[in-house]
Amino acid sequence: MTKALVINNNYEKGLIDFLKNLLENGKVKGVFSLKKINKEGDVTFSLISKPEDLDDAVPFYPIMPVNAGSLMSRFTMKQPATESIIAVLKPCEIRAFVELIKREQGSLENITILSFTCGGVYTHRMVADDLITKNLSKYWDAVKSEKILDDLRPACRSCDEFIPYNSDITVDLIGNKDIDKQLTMILNTEKGGNLVKDIKGKNVEKNLNDKKLENFKDKREKEKKKLFDEIDPKIKGLDNLIDTFGKCISCHACGRVCPICYCTVCEFESPDAEYKPSNFETELNKRGALRVPPGTIYFHLGRLDHIAISCVGCGACEDVCPVDIPLSIIFKKIGESVQKMFDYVPGKNTDEELPLSTFEKEELVEYEE
Amino acid sequence: MEKNKEYMPKIIAFLCNWCSYAGADLAGTSRLKYPPSILPIRVMCSSRVDPLFIIKAYLGGADGVLVAGCHPGDCHYDKGNYYTRRRFALLKKIFQDLDLEEDRLTLSWISASEGPKYAKVTTDFTEKVKKMGENSAKNKIFL
Amino acid sequence: MESKIGVYICECGPNISEKVDIDKVIDAVKDLEGVAVVERYKLLCSEDGKKFLVEQIKKHGLTHLVIAACSPRDHEKTFREVCENAGINPFLFQLANIREQCAWITDDKDEATKKSIRLTKAAIRRVRYHTSLEKKEIEGNPDVLVIGGGIAGIETSLQLASPVRKVYLVEKTSSLGGLINTFEKIYPNMELGSDLIKQKNLEIEKNENIKVFTETEVEKVVGFLGNFEVTVKKTSQDNSSQDFNVGAIVLATGSRLFDPKLTPQYGYGKLDNVITSLEFEKMNLSGKISLKNGKSPATIAIINCVGRDKKGYCSEICCMYSLKFIRYLKEKISNIKVTNFYSDLCIPGKRQQKFYEETKGKNIDFVRSKDIEVNKKADKLEIKYKDENGSKKNLSADMVILAPAVEPTIDASKIAEITSISQGNGGFFAEEHEKLAPISTSTEGVYIAGCAHGPKNIFDSITQAEAASGKILTSLIPGRKIEPEIKVSHISESLCIGCKTCLTVCSYGAISFDEAKKISVVNEVICRGCGNCVAACPSGAANIKHFTFNQLYQEIMEAIQ
Amino acid sequence: MSQPEEKNKSTVISVKKDLNTAIIDFLKEGIDKQVFDDVIIPMRVPAKDSFAYVLVRNKSILNDGFFLPPVMPVQGGRMVSSVTRLGKKDKKTAIIMRPCETRATIELAKLGQTNLDNLILISMDCPGVMPISDFLKDTNKQLKNFEDSANNLDDKIMRPVCQICDKSSMISGDLHIGTLGAKKGSFYLISNSEKGNELIEKMGLKQNENINSWKEKVKKISEEKKKKRINKNKELKKKIGGLDNLTDAFGKCINCHNCMSVCPVCFCRLCYFESDKVKQPSDDYLSRAKSKGSIRFLPDTMLFHIGRMEHMSLSCVSCGACEDVCPVDIPIAQIFTMIADETQGLFDYVSGRSLDEPIPFVAYKEEELTDMEDSND
């Protein structure tokens, strides 16, 4: 059993009050959370220092404008947080942040992570069409009753890593019928425990509801299998791959929003990737014709090679794809496959080495001739 | 293509300077016979082989790609080939998962004294690739 | 400037000309972009050939040179020198290997010619993207770091130290001498071990060019032959560390004994009076060979080859020191009965046989045996074994001395890691070549001496120490310049995002991190040019000279065209 | 609005089957007569769910050419840059692109990103394109819709920025396929350069045909669109004018910078707004949050968009690529069109109109813009 604090208040209101309290008492100097930023109700990730500004915070709002792992990286890459900060992050955002930290792109110093069992998020399409608010009650009903909604992003519908790793405080949401009246915060670490010390509420020993979460996981896994099975014929063999990626417009938006794609300049946009006039000659003599700009399949295969090992399946790529290529499922499928090969779960452990930065002397002999 | 002549695959072979390229030289000086399908690309260490080169070669129409280096533990640069193996395995897995004729990619450790092994590996790989036929990627336009 | 590439195809006597249709090759490449001239020649590596090339380069005002001939491992250097003599940068040259790769591998002239054309075209394409590289020269540091203060380390230090060559001798324990400190006498002449060590210690002390560090370990080594930066750290007191620069390193870290507890059948660690050979040496040196109860033993069994099967090699020296033990015992305990169990008696060399003959005698049994088990029986030890014929036998003894296999010291893997060399059989440092380069390692400038290389007696250890010294004396002549690798990595400041991936995979510590700029930086003097960091870098910020992404890419694409 | 000079040649080409086939046949003939060696033309991708530019040497592949796709997956300027940035095309190449793509190509030539040697830029009367997301909903049906709309000169289904395009027949390349005002069963081929003249000559086509009917029709349409454009710009300005409104307009922005990455004239390898210069230490972000109460994170969304206006609006060709890819439907092309009209107007500059006009950034007149100076001076 883990220590937990139960506050008799609505999950969202309760959390906002809690965060306010932290700011008011100076326990933290900043809160990272989703927040409404204008009268239209547009929501973005925000850094909040004034308690009153938390009134517009919507920490559990079911959208992911950007994977906030990359935002936390941006915040801490030049300098670790100098004052105490709390960040409300989704499980895949924490995992992305951890993967970035392993690549020296950020630091957990002075940062407390608050997360939750995540029910998934809606698409940018629905954000653009202003459909989120209308769907909120349906969304929370589904979370309470461990249901999977059809209109969530495919990456979320098929996500079985909805319980956060490395969170100091985890809010119990999925399968918790009482969230409208009760905010339950599981205190996973001492850091988390220290923050809630003077907070009014009931101190209990409690775990997440394993049975309900398992039930939920089953459903998610089934959905994942379904989506994986559906994607399979679309990506098997070069011809199918060309069909699937044929409509790609080479905007590289997938890479741009991918939290694991952290390079200053993507190798596929670097001078090395450019074709010289003689390269076009070579290709034309060989093929008779060539799509231009060239390198569509090369880009996606190359990106798979670069990031699949660390792909956290957040789905940001698919969400921004202007031509609806089912990137998130493709990357998740290949990602899980190569991760399994190295027994690696990206973002699970901060001290686990990146598989390509280390080796075992005796391994992978089946790949040798 | 001339009549009655077998199709000769084109295989890009990344050979590390210290072991595998030397092994290839030995195969040559020993006058061992193996198919002229192998197109050697000399690198100082197999760990120089960026997986992107392999992707490029495959999409460019190479019928096979061989990566060869010193045996594990014998790397001229100490540990390079261990990284090579991981990178290669990762890419090969991706090729497996995408049904991209992963058999066109192979990894082998060939030392400077293993001329015969070099001849055998290249002969066997050529045979395997021949059976697979030409790499259709070389005719694709929408890559 | 427009490139003018000269392409020269070597007939290599009949070697290439008979197997490759050179005229076809000429036809296939003469109109390629940038090609100014294509010629064939009978033997380009000959003096005449080299002269011909220089004349051609000058006559046609060539900017680049492509030669289709033999393996670059044979003559790349030769033709680079030709370039230099003709006034073009030696790196604006590429050698297409149409001999080992084409002429010699097939009897099908047509296919050999086709492949020659591909390789020559690829070389022409590649050379167009070559850039000039400048040679670097630095003064080689003649000083030497010797790791390990046993007899091999001591001997190396004494051989090398001179007014123009400082030696840093690093020993992790508090005194020099190593295992010999525990030996009363040394076979085969049975001189006193203490005499040898005393004398050597004195020589070391007297030599002002040897700086001895005791209770010190090597923490870090980066660099190459002529220029290693070394950090050592005190294991006692304040853990203070010290940096210095040397030109070569000798690893003389010695050996230790296999732990007989891993072979429980011998009862070591469980039964009294079962001891290891080293424990026996110490007991003997202390002056009194006695049982646990203080009494003198009357019957002793020496069991050889302990752990040999587990380790997979013969430790070479145990048979001989077992004979020495018998000498000790016969000298010190009258009427002692010794049984020596062995599986193969290993007494090679010109003096050993005589030593063996002199040791044999009354009350000394040599038993070829296997499946040995030691148990307690009453107040004695009972040794069960099978003899040469496979019959089960018993023997009772007061004391059992085990001769366990010799293995590298516990820190061998750390030292291997630090100096970027590999460990071979049994974890001993691997030599570059077991016959041709037995004391060199895969890192140029790092040599092995003594038991760190494998089990050795004192004679062989000293021989190796002298050999290592010889290597260093001929390669590190004070004042002579050395040329660091030219084809090194380079990291673009504007592209690097500072993820340290390159730094993690570099075996040589050649990449450091600029904390202010948050980017990785290659130390070009230390980089060995393997290119590992380049393949590891996801954003293409790292590149390696002469094996750039573009050069290789162009070569590949032309080869499969 | 530029019109071809009198010395340039024009011809009429008859259409036997359909316009697309006529154009393909014309291109094939060009290869046969060695007027050019290669062609770049849009084609349907193998899955038939979109279009892509293909560089073609093999004539039989040319049969799949589709000169007027309903969408603009990759802006042609970007495409040409990918082919010629590192040097002129080895062989002569004819390129079929929309006018705004041709203009981007020319604009990029001024910036060293395209090399026009050996290229023959051929544009056409453009009916606009559909938003790519609309097209993808049902590609076959939408293609039909597009063709009907194009034939009827009806732009309702086209992207908003196409609906107000007054340069949809602007000739800035070498040749132009004029369908407006052409007799049924024919189209005009109008030259705009020496290269264009040479092509018409070499192809053995009749020269100096009368194109007045095309000119009149184009003039009429562009004047109508111009009016519409001015009105729309005014409406938009009212809506998004003022910092608060502008900020709200970008409220949903997720900082993906995809508008920038597909923009043909945003050619930098590394955008300033993604460079190290905009990455701050955590202290800096936190102190900004403290002084304002809270900041959106990433901050500087407006810096990016306004900065981009400063960087590229002079070269903006209003092609609409940015709006097509915005994941949250910000009317970014409309906003940038409004700004570009203002900034280009300031210098009487039309992006990509002619290679001879320098980008105002790199030129100045001694007497100009005095109304922008402090009047007390």
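By letter and in written order, the chains are A, B, C and D; residue numbering begins at 1 in each of them.
Following the convention adopted for this analysis, a contact is a pair of C-beta atoms (placed from the backbone, for glycine too) under 8 Å apart; a residue touches a chain by one contact, two chains touch by 3 or more.
Just so you know, these numbers come straight off a predicted model, no measurement behind them.
J.: Measuring between Cα centroids, what's the chain most distant from chain B?
T.: It is D.
J.: Relative to the centroid of every protein C-alpha atom displayed, which chain's own C-alpha centroid is closest?
T.: Per-chain C-alpha centroids ranked by distance to the global centroid put B first.
J.: Sort out for me whether B-D or A-D is joined by the greater number of C-beta contact pairs.
T.: Comparing A-D with B-D, the pair joined by more C-beta contacts is A-D.
J.: Can you check how far apart chain A and chain B are, centre to centre, with Cα atoms defining each centre and the answer in Å?
T.: 38
J.: As a quick test, compute the distance in whole Å between the mean CA positions of chain B and chain D.
T.: Result: the chain centres lie 45 Å from each other.
J.: Return the distance between the CA-based centres of chain C and chain D, expressed in whole Å.
T.: So the centroids are 64 Å from each other.
J.: Residue numbers in chain B touching 2 or more other chains?
T.: Chain B, residues with two or more chain partners: 51-52, 56, 60-61, 73, 79, 83, 87, 138, 141-142.
J.: Quick check on chain D: which residues sit in contact with 2+ other chains?
T.: 45-46, 52, 54, 61, 270
J.: Would you give the residues of chain A that are in contact with at least 2 other chains, written as numbers and ranges?
T.: Counting only residues that touch two or more other chains, chain A contributes 77-78, 239, 242, 246, 264-265, 267, 270-271, 278, 285-286, 288-291, 294, 356.
J.: In the complex formed with chain C, which residues of chain A make contact?
T.: 77-78, 103-105, 262-267, 270-273, 278-279, 282, 285-286, 306, 354, 356-358
J.: Enumerate the contact residues on chain B facing chain C in the complex.
T.: The touching residues are 2, 8, 10, 12, 17, 21-22, 24-25, 27-29, 31-36, 38-45, 47-53, 56-57, 60-62, 73-80, 83-84, 87, 119, 138.
J.: Quick check on the complex: what are the chain B residues that touch chain A?
T.: Against chain A, the touching part of chain B is residues 51-52, 55-56, 59-61, 72-73, 79, 82-83, 85-94, 97-101, 106-109, 121, 124-125, 136-143.
J.: Residues of chain D touching chain A in their complex?
T.: By the definition above, chain D touches chain A via 38, 40, 45-47, 49-50, 52-58, 60-61, 73-74, 78-79, 82-91, 132-133, 136, 247-248, 251-252, 254-258, 261-262, 269-270, 274-276, 279-283, 285-286, 288-290, 292-298, 324-325, 327-329.
J.: Taking the touch rule as given, give the residues of chain D at its contact with chain B in the complex, in rising order.
T.: Chain D reaches chain B through residues 45-46, 52, 54, 61.
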